[in-house]
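Dropping the structures in below, format is structure tokens.
Look at the two complexes coming up: subunit A is in both, with subunit B in one and subunit C in the other.
Coming up: the complex of A and B.
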């Protein structure tokens, strides 16, 4: 992404500008301006860094969601896969020093396993992703409810989880942001510089064409779901570290924001088109919107309404399909 | 070719759902401590009919190859509206019922407008509008409650028994099928709903009213969800803006539609199949209770049933003759 040393056949500047990303960044600036009118501290570095930190949890989850949306599929299993990751990592912490060391990988592994199941359903059984992931979501919920007895578990997050989510490695930069940056860099590399990434875009455009070109489409789809599940679970691990423990239905608040930030960032919901920079913009946009709504002390119902209305109206601005002709 | 084979093929999903429902219901009733009495049937029917109505709502949209992830929220919103307007003198109650139905119609129309004329994807749109509907419901009913002069008599009539035997809710459901589903199915719009689900392009080229049909599907979906919300209000006497309820009903409606043999790719199945799918889903869920299992296992059990139902979608793989067909 950084220094594209491409030949002179590069398209002119006005064609390279990505309209959705420009609009998303413009909206971020607009939101910051509105916020600064409301409260002076809105533009302070501490506040912005805090927002970025909150955004990075969503960012990790949205990265996985973006991969799936690029394939032209959707992952509705985020809420409970996220909760599973959080609860399993916290549960592992209770098993002595070894469990504590393996807490983070174990939580992620649970998410990967669930992602593999939905991926196999989508890729090999050819069932629509929407219902496979819905089913996995319910099954994950059922497992967790049966495991915890319907209450929030007593296990607390391990030190490593807390450190990842709340610590500062470099002078005042929260670790969560670094984690998101690392995952983002990996995603950009994988999407733009590997055959895997090329195959993801190709499948999103037309799976049969990708298959005929020799891409292992079914394997790519399955592994993408595994990655998405793993990232959702990792998001849960981070959130558990942030809050100190896992909770029932902690993931419910992350499905719509994850989809919204990917789609607001200009990734086509039909697949095949999208840019990670857009997802970054979408994540920040969604987080700022949530933050402003809570700073303005709008109650829950108002937040839901404004939130839904903003997503619909922004999509109407640039997410429309071509008319049927 | 004999015509009955085509009729069989068309209704295969519905018949399978019917058989599944009968099987599950027989197991349920034969293990129920009270046995096959009108009261057992009445309770089962009331719970089943609410889901059946929401499943019909989903079926209308799914038949056009769309999906409505906001049905549960429309249902919850109508429940909350109902808990305000279903009270007072008989005339007022009548107006109240109209208000509840109008709410559902308006929600469906909003979805339809955005999806068809705004040309957005149904999945994202209905997730977002679902948030809006839930927000309005939460605004109406921050805490569960009802109005003081709630029309309990009317509610009891609808959730009670006709002639002391037949559950009134089943009669109501049959009326909805006869007065709404059958006429729509036989109209041009109904045919177009199926045609759009099979191939939107072909339907457009044949000069069918594609947009009007898709819009009607969303609006009728809203109406059906409103009937469901009305029944929930009759059943509980109160309104509650419950996020879990909304999410669950959306999910269960999809499960019922799949169990009922409606293809998620559109154009195949019927709302009647969705009804039997819903009743079967409820009967399966209630099996846990008659077998005295810990209710904690219910979510997992329902998830596994849904997962199993979903894998039936893979049956299509046995019909393909060429690997390329897999990708369509």
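Coming up: the complex of A and C.
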């Protein structure tokens, strides 16, 4: 019973926990070096800033996904909750100056509402997250197709949306990066310094122990899904601002990358363990990988295969590391 | 004492878990055509013995013989092939499969690589007939059958493996008296057909009716084997208790009489058929023990008090005020002020991969934060206090709690709850699997807490602990409090007697010190 407890002097444990982050950053540098063999511009500040800007959209979405994965759950509703956020914000813009002013919060609120429904299903009705969020994804899709009639919506993004996604507040630094940095800072604070963050880790590690310790486990799970929904919608709002308008399948390309960047950043897919810095690394890694594969002018199918293979092999690498513990 | 006529023989079997001897040089002879009963307290080594016999665990040392030939088992399947089949306490049936599927679950008959349904059904019917369940349809869904019929299916499943030695581990504990009679009839017939049966039960009258031979186990050793009927119940109880090393317990402080309402009062608490009209009261400064055999509702009672169970009826009064404890969050709030040290620290008490600090402060985070933001300085200060108070041995508060020893992990669980300064502390077997030194520290801590005015309910499977720590002990049997012992009445004899719920005379005799002991 007590023989599985190891001697208490194991200082390298922090190192072990952070190993995936080190690997992820090493892979980022490796990718940049490989890229620079193709073109010198890969190491230029313009290219790097541009990549960070593209990464910001994924970063915002992955922040919500990380929260859910830390709980040991999954959020598959990202694609259409994201699209809902983009379309609803654009739609609000069409309703005069007040609508335009409220476009961003309205888009996010729609995502929060959908997340709340998923969260209530998972926390109170005890439906597996995979099922609930998949259902919410389809419902959101139905609602949006009904709203647009299946065509590309006519509404365009508001000025605020464009400014958030494409403007430069500080000289040369795109606003999207600042938005991601702000959300990231909030996430780090919430995860490390608040009772909410502790509860998230505790639930992901052992929900029964967290519940018996008096944590409001159901409420924490429900609000986490609401936050994830809100961030996915916010990502959609930013993307709509970036592209000028919302589009039907704009969210499809974000589900797997969001999950991949969280897990590549060392967050355990089983929940309870993970660090936001890792998610940052994962997001940049996934973005760079996509960018380099397209620069290398590999055809679409080849890109998909390589992209998937890289993710699987990196996860295998982490899995091995965990087994050694 | 090698018995050459024995069908199955164990010699010098030892098994250690960590530093604990679960079995020490145990011997056993099982004969064909006889029912051999195994008796012993909780933790006497009965379950380990069965696990060794049925190939679930490998012994550290010792030999086993079948038909006089040495034999060893790599896994339960090889024990099954050798003809040793075990029916465990918990039903191992899959409720959503049919009776036939369950009976022939492990190696179904095949034709051309596919399951031969006809043959499977024939085998199932044959096994059911042998087990006395001819009336059970092989295609019925197991989950639809009443519990007693499920037990018959369980026996049929074991019989389908053509056992020579059949082990029944508390196989009747879930059954009502009339169902037990039916099972007994089946077992007697199997005995007359020449099967060797090993029967483990806490129900003395069943053993009296069924067994030919009994062996008493204590602390991992077989104490004595005797022909059934040659010993009285009292003698058997004496053998089960033995005279053993006692722990050092702190002195009990007598509680001055007070007219204040009890810190916790429970009236007619019931929960489905697991708890029946449980009433008890605990005063501030008192340690009340829950005794009885494992699984008689003690755990459910603590969970019900802590607001974990749904559908609990009855009244709970805190300091004389009626309170409905909604959930653990409510239980730990200032209004109730209750803490529960759960049974299994690895799954219910701790988040093992998280740091010692995060585990310690988790229950008290509400008091250490403003608007949800944790005050890290205050957290550190309180944790250092707790680590000093309980003398938790840890290299640092940042290492994962899984790196601590079992005893220190248990201290972390207790310390976590002391951080909310609870008025009522419920403990579910807090010293299980930890070393003697830490046990004593925990006893002293309990006494200190009660002296400071906490009301404590302690469930323990260790009778010494109940005797040494508790001001009063309530013995539970079948979801009810059968006996309440106070002060000097708390003796091992009285505890074991009332735990086994042997007739009223013995119980009363046991409850009076000096009489019967």
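To be clear about the criterion, the second predicted complex is superposed on the first by the 302 of 325 C-alpha atoms of A that agree within 3 Å, B and C clash if a C-alpha of one lies under 4 Å from a C-alpha of the other, contacts with A are read in each partner's own complex, and residues count from 1 in each chain.
The rule is simple: a contact is a pair of C-beta atoms (placed from the backbone, for glycine too) under 8 Å apart; a residue touches a chain by one contact, two chains touch by 3 or more.
Just so you know, these numbers come straight off a predicted model, no measurement behind them.
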Between subunit B and subunit C, more extensive residue contact with subunit A: B
Contacts of A:269 with subunit B and subunit C, given as first, second, both or neither: first
Subunit B versus subunit C as contact partner of A:303, first or second or both or neither: first
Which superposed partner A:216 touches (first subunit B, second subunit C, both, neither): second
Subunit B versus subunit C as contact partner of A:311, first or second or both or neither: first
Which of subunit B and subunit C A:205 touches, first, second, both or neither: second
First, second, both or neither for A:149, with subunit B first and subunit C second: first
Touched partner set for A:170, first subunit B, second subunit C, both or neither: neither
First (subunit B), second (subunit C), both or neither touched by A:194: second
Contacts of A:260 with subunit B and subunit C, given as first, second, both or neither: first
Subunit A residues contacted in one complex by subunit B, in the other by subunit C: 208, 211-212
Partner subunit B, residues of subunit A touching it in the complex: 74, 121, 125-128, 130-132, 134-143, 145-146, 149-150, 207-208, 211-212, 217, 252, 255-256, 259-260, 263, 269-270, 300-309, 311-312, 315-316, 319-324
Subunit B residues touching subunit A - in the complex, by the definition given at the top: 67, 114, 118-121, 123-125, 127-132, 134-139, 142, 200-201, 204, 210, 243, 247, 251, 254, 258, 264-265, 296-304, 306-307, 310-311, 313-314, 316-317, 323-324, 326-328
Subunit A contact footprint on subunit C (complex, rising order): 17-20, 306, 308, 327-329, 331-333, 340, 342, 347-354, 358, 361-363, 365-366, 369, 372-374, 376, 393-395, 398-400, 402-407, 409, 416, 433-435
Contact footprint of subunit C on subunit A as seen in their complex: 1-3, 5-10, 13-14, 193-196, 198-199, 201-202, 205-206, 208-216, 272-273
